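Same chain, two partners: chain A is paired with chain B first, then with chain C.
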Partner chain A sequence: MSTSASFRRRLWPYVVAVVAVAVSLFPIFWILTIALKSRMDAFAMPPVWFFSPVWENFGRAWSAQGFSGAFFNSLIVCAIGNVLALAAGIPAAYYLNKRHVPGRRTILILLLISYMLPEFLFIVPMYVLFQSIGLYDTVIGLALIYQVFTLPFTIWLLRAFFADIPEALAEAARLEGAGTLRIVWTIYVPIAAPGIAATVILNSIKMWNELTIALALTFEKAQTVTLAVAGFRGYASIDWGAMSAASIIIILPMALFAILAQRRIVQGLSLGAVK
Partner chain B sequence: MSAVSLQGIDISYGSVDVVRNLDLDIKSGEFVVFVGPSGCGKSTTLRLIAGLEEGRSGEISIGGRVVNEIDPAKRDVAMVFQNYALFPHMSVADNISFGMRLRGEAKEKIAASVADVARMVGLQDHLHKRPGALSGGQRQRVALARAIVRKPAVFLFDEPLSNLDAEFRAAMRYELSRLHRELGSTMIYVTHDQVEAMTMGDRIAVLAPLKQAGRSNLMQFGTPEEVYHRPANLFVAKFIGSPPMNLFEVRMENGEVRLGSVSLRIGGSIPAALTVGIRPEHVLINVGEGPSIDATVEGMENLGHEKLWFLATGIGRVVARTQDNVQHITGEKVSLRFPGERLHLFDSATGERMPEDSLVRGKG
Partner chain C sequence: MRRDKHIRWLIAPALLLLAAGTLYPIVYSGYLSLLQWNWGSEAKFVGLRNFIRILSGSGFPKALFNTFYFAIFAVVIETLLGLGLALAINRIRIGAGLVRTLMIMPLMVSGIAVSLIWKVMLDPTLGIINYLLSLVGIAGPAWLGTVPTAMPSIIMIDTWWQTAFTFIILSSALKSLPAEPFEAAKLEGATPFQSFRHVTLPMLKPVLITIIIFRTIDTLKVFDIIFGTTGGGPLRATESVQTLAYQTAFKSYKFGESAAIAVVFSLIILTLCIIYLVIDTDDGEKA
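Moving on, here comes the complex of A and B:
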């Protein structure tokens, strides 16, 4: 009797985990089945559970006008966005950890507020500004405007990671003759590398999935994947098969990224949790 | 080798003064220990010498050169931190050679220096390891090696042994003293541990927090013997020695003070209130003749090589230290004698030690 009780107790976590995984993965599973079904099977009622997969939706999605271009645009926006965020965020995070920065708290609160502002707030003024300075419909422009959320997030996160690095390390390096730039580059960045990796991944996911700003500030040349997927919705009809296939394609890079870097993310997010 | 001199040092954090009016002259090649309780400014002063902290006023010179405005890296000092401050992502060899690599020194020279220093501190078999794979004692050796390899004029140690367990600490104490003899460099060592201060220092600077200190943090600067046997004031008398000195407040009556049934004759100008002190090892239990103080044994701590006796008397609790073969039982009545030449006299109001000749002769 007691064995069955303890078995039941050990079973519960698995039940909860399986349900949670099923609920969160079901939409992806559903999209995947639509992407792999022929048009006939896709909307058959009741749903067809056993079907022979077709791959033509993926080919149609990739060769659809603008889709592959949008895919690479998104990659470039993420790359530039991360470089910009780290280039400004690393020094900012380093200095905002110092005791003697006047207005440190105010700066941090302002950063937090700017992170929390809804994105569409920026759209109207930025639309006008981007048009006039030639950043409208450019990947650089998008990477720049994405800094309104990536930069505060980067600074806040890196600041926490940097705070776990004892100040004595910087002091020891300083006594050996290292300047601030070298201290940040040779001490802080390598030690906080898991944290930086986690930041890059989280920023990438956010930029990759962004729709509102991209919708307003790009038109054709700099369209991103989220817009390209929406593009499968025509005036008269929606190509569900291609749209689903496109959705699966755009999930892949981030999923791959997350799987490869999973250990780093976990390591990064728990950095300093255990001394 | 370089002398270090501090003149009129004031340090404050915001509006809070931490160090005030500090004057210290440390001779070239000397091993000086800064000792004091938390908040006495000992680490802050050390960091000031390193250049990691800025003073409000005063002059710091190293080897006769005023260094107030000189970058920490150019002061010719090396520091060993309490938490070692090793770079966790670098090997032991890279930690030791960090500064040399920074200064762009030749590869062969770096390798030779690292090997030399590693042998000196016994790390030759660990050079390729990361600090995380080392024990606390080994980490401390890496920190030490990183300081030695610089061949600095002055070594600064900020509580370097406080993270080690007792066994290692004793061994490292000895090694640091040996290192000092070998290198002959000036060393300044911060600790709150009086055993480290007594065993390692050529001279000890006893510092007090400003709240208790008054004019300056520096309470006494002298050899371990002076600090122990002739404490300059009540603060030093209480801080140095474990268990601390027995202290009794007494009042003057007709040029005499009474300590229980014992009277002491005091000469010179006498303050209204005096404090008499005696170290536990100088209290005699049932030994000698003449006036004595009646006491009852309250308890005993057996430390193996010695015993500490807690005694209740009419003038307050007295702690006595004896050899391990002394036997008394709790509740036993005993008589205590305080040899006159072992008594310390302090002015209760100022806390200062009275001149040596003020005690004419204790009749007890």
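Moving on, here comes the complex of A and C:
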């Protein structure tokens, strides 16, 4: 009796885990099956669980107007956005990691405010500005505006990683005549490499999945993959196959990230919230 | 000191980007909100008329109500569910890493894909959800299609999407708690519930507050999953402040009015953040 009670006590967390995993994955699994179903199977009622998979939906999604171009635009925006965020964020994190530097508090508050602001507060001014200086509908413009959220996050996270690096290392290098930039580059960056990786991964996920700003600040040339997927909304009642395939295409790179870098993602998310 | 002079340059690029991306838009939105300006036409100074119009009309108050309705339910459900899951799954010995990897999958999915997935699943006649419900004899509702069920559906979708965030953070926080207080509680004969109530919860409080602030800000800014599913309908039942700002700026091209919406909404979020922070520091001083 008492053994079965203690067995039950040890068992229930596993039951919770199985249910939680099933609920988390089922919608993604289900959309994957629809992406692999023929038109007939996709609309079958009751739903069919066993079917012979077809690949034509992925072909139709990928070759839809502007889809592949949008996919590569998003890759480029992520790349440029990450370079900008690190180039400005690493030195800034080093600076703000020091206690007695001018403007530290003000800058930290400014970072919080830019995270807090609703997108439409800066979208309309940026729309006007970008139209007049030729950055509207460009990947560069988008990567620049994404700094509104990637930069605060980068600085916030890297500051937490830099805080764990002993000051003595920098002092020793300084005595040997190394300049500040050299210290950042040769000491802080290598030691905080796992933190930088976590930052790049989380920033990439945010930029890859971003919709609101891209919707307002691009039109055609710089359309991102989220907008290409959004283009299938209207087809909801017509072409579930291509719409589901498009959803799978946008999920796939990020799902791979999650599998390959689960520990970094967890570390980055927790540090961002806890420190 | 000489080296302080050099170190100042380190912050310059970040400051430049933040000033351009944050300060300039704040000031410019403030200015725009005083104009009557349809993109492409002549701008006219109208004072506070945009503010009076949005506050006395029906669109903005309705959107504000919807947004808070969504945010309050989503934040409460996601925080409690994430806490429950973290408590349960942290007791797992075998496969905990795998469980966490699989559970963060929804977080990786872009809001627009989340929308399409759930639109397909919640389809009243062909969707899997209503089919599964019919197996147990329940006639499923039209979910996103009717006024009373649309917003709860959006809350459900957000819960599926974002609970992993609260779960992951609380799970890491639980793992990092020191063991001594728990042992002391056990020695004093505390029940598991007492130990949770008087040991775990107080130690988790700072993290819980942080999570609630993050999730409150994010849910108040909700856009993607509404734009992608209902577009604000039916009959504006799911219109949020941000979808309204989008409609006003990029469908009606009323830039001044849209800026007024954004300014009022930013002030509301700012006030909320200040209240949270004040409560947080007050408690910190008492403890």
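In this text, the second predicted complex is superposed on the first by the 256 of 275 C-alpha atoms of A that agree within 3 Å, B and C clash if a C-alpha of one lies under 4 Å from a C-alpha of the other, contacts with A are read in each partner's own complex, and residues count from 1 in each chain.
Here is the rule we use: contacts are C-beta pairs under 8 Å (C-beta built on N, C-alpha and C of every residue); 3 or more make two chains touch, one makes a residue touch a chain.
Quantities reported herein were computed from a predicted structural model and do not represent experimental measurements.
Peer 1: Does the chain A-based superposition show chain B and chain C clashing or fitting?
Peer 2: fit
Peer 1: Report the partner of chain A that touches more of its residues: chain B or chain C.
Peer 2: C
Peer 1: First (chain B), second (chain C), both or neither: which does A:187 touch?
Peer 2: In the superposed model, A:187 contacts chain B only, not chain C.
Peer 1: Once the shared chain is lined up, is A:46 touching chain B (first), chain C (second), both, or neither of them?
Peer 2: A:46 sits against chain C, while chain B stays out of touch.
Peer 1: With both complexes superposed on chain A, which partner does A:198 reach: first (chain B), second (chain C), both or neither?
Peer 2: neither
Peer 1: Please work out whether A:27 is in contact with chain B alone, chain C alone, both, or neither, and reply first, second, both or neither.
Peer 2: A:27 sits against chain C, while chain B stays out of touch.
Peer 1: Does chain B (first) or chain C (second) touch A:242, or do both, or does neither?
Peer 2: Neither partner.
Peer 1: Given the superposition on chain A, what is the angle at the CA centre of chain A with arms to the CA centres of chain B and chain C, as a multiple of 10 degrees?
Peer 2: 90
Peer 1: Of the partners chain B and chain C, which touch A:98 in the superposed model: first, second, both, neither?
Peer 2: second
Peer 1: In the overlay, answer first, second, both or neither for which of chain B and chain C A:84 touches.
Peer 2: second
Peer 1: By how many Å are the closest C-alpha atoms of chain B and chain C apart after the superposition?
Peer 2: 8
Peer 1: Counting contacts the way the document defines them, which residues of chain A are shared by the two interfaces, the one with chain B and the one with chain C?
Peer 2: 174
Peer 1: Chain A touches which residues of chain C in the complex?
Peer 2: Residues in contact with chain A: 3-4, 6-11, 13-18, 21-26, 28-29, 32, 84-85, 88-89, 91-92, 95, 97, 99-113, 115-121, 123, 125-126, 128, 131, 160, 164-165, 168-169, 172-173, 207, 210-211, 214, 217, 220-221, 223-224, 227-228, 241-242, 245-246, 249-250, 255, 258-259, 261-263, 265-266, 269-270, 273.
Peer 1: In their shared complex, at which residues does chain A touch chain C?
Peer 2: 10, 12-14, 16-17, 20-21, 23-25, 27-28, 30-31, 34, 43, 45-47, 84, 87-89, 91-92, 94-96, 98, 101-103, 107, 110-129, 144-145, 147-148, 151-152, 155, 174, 179-180, 184, 205, 208-212, 215-216, 226, 229-230, 232-233, 236, 240, 243-244, 246-247, 250-251, 254-255, 257-259, 262, 265-266, 269-270, 273-274
Peer 1: How about chain A: which of its residues touch chain B in the complex?
Peer 2: Per the touch definition, chain A meets chain B at residues 166, 168-169, 171-178, 182, 187, 190-191.
Peer 1: Show me the residue ranges of chain B that touch chain A in the complex, using the header's touch definition.
Peer 2: Going through chain B, the ones touching chain A are 50-52, 72-74, 77-79, 81-83, 85-89, 98-99, 102-103, 146, 150.
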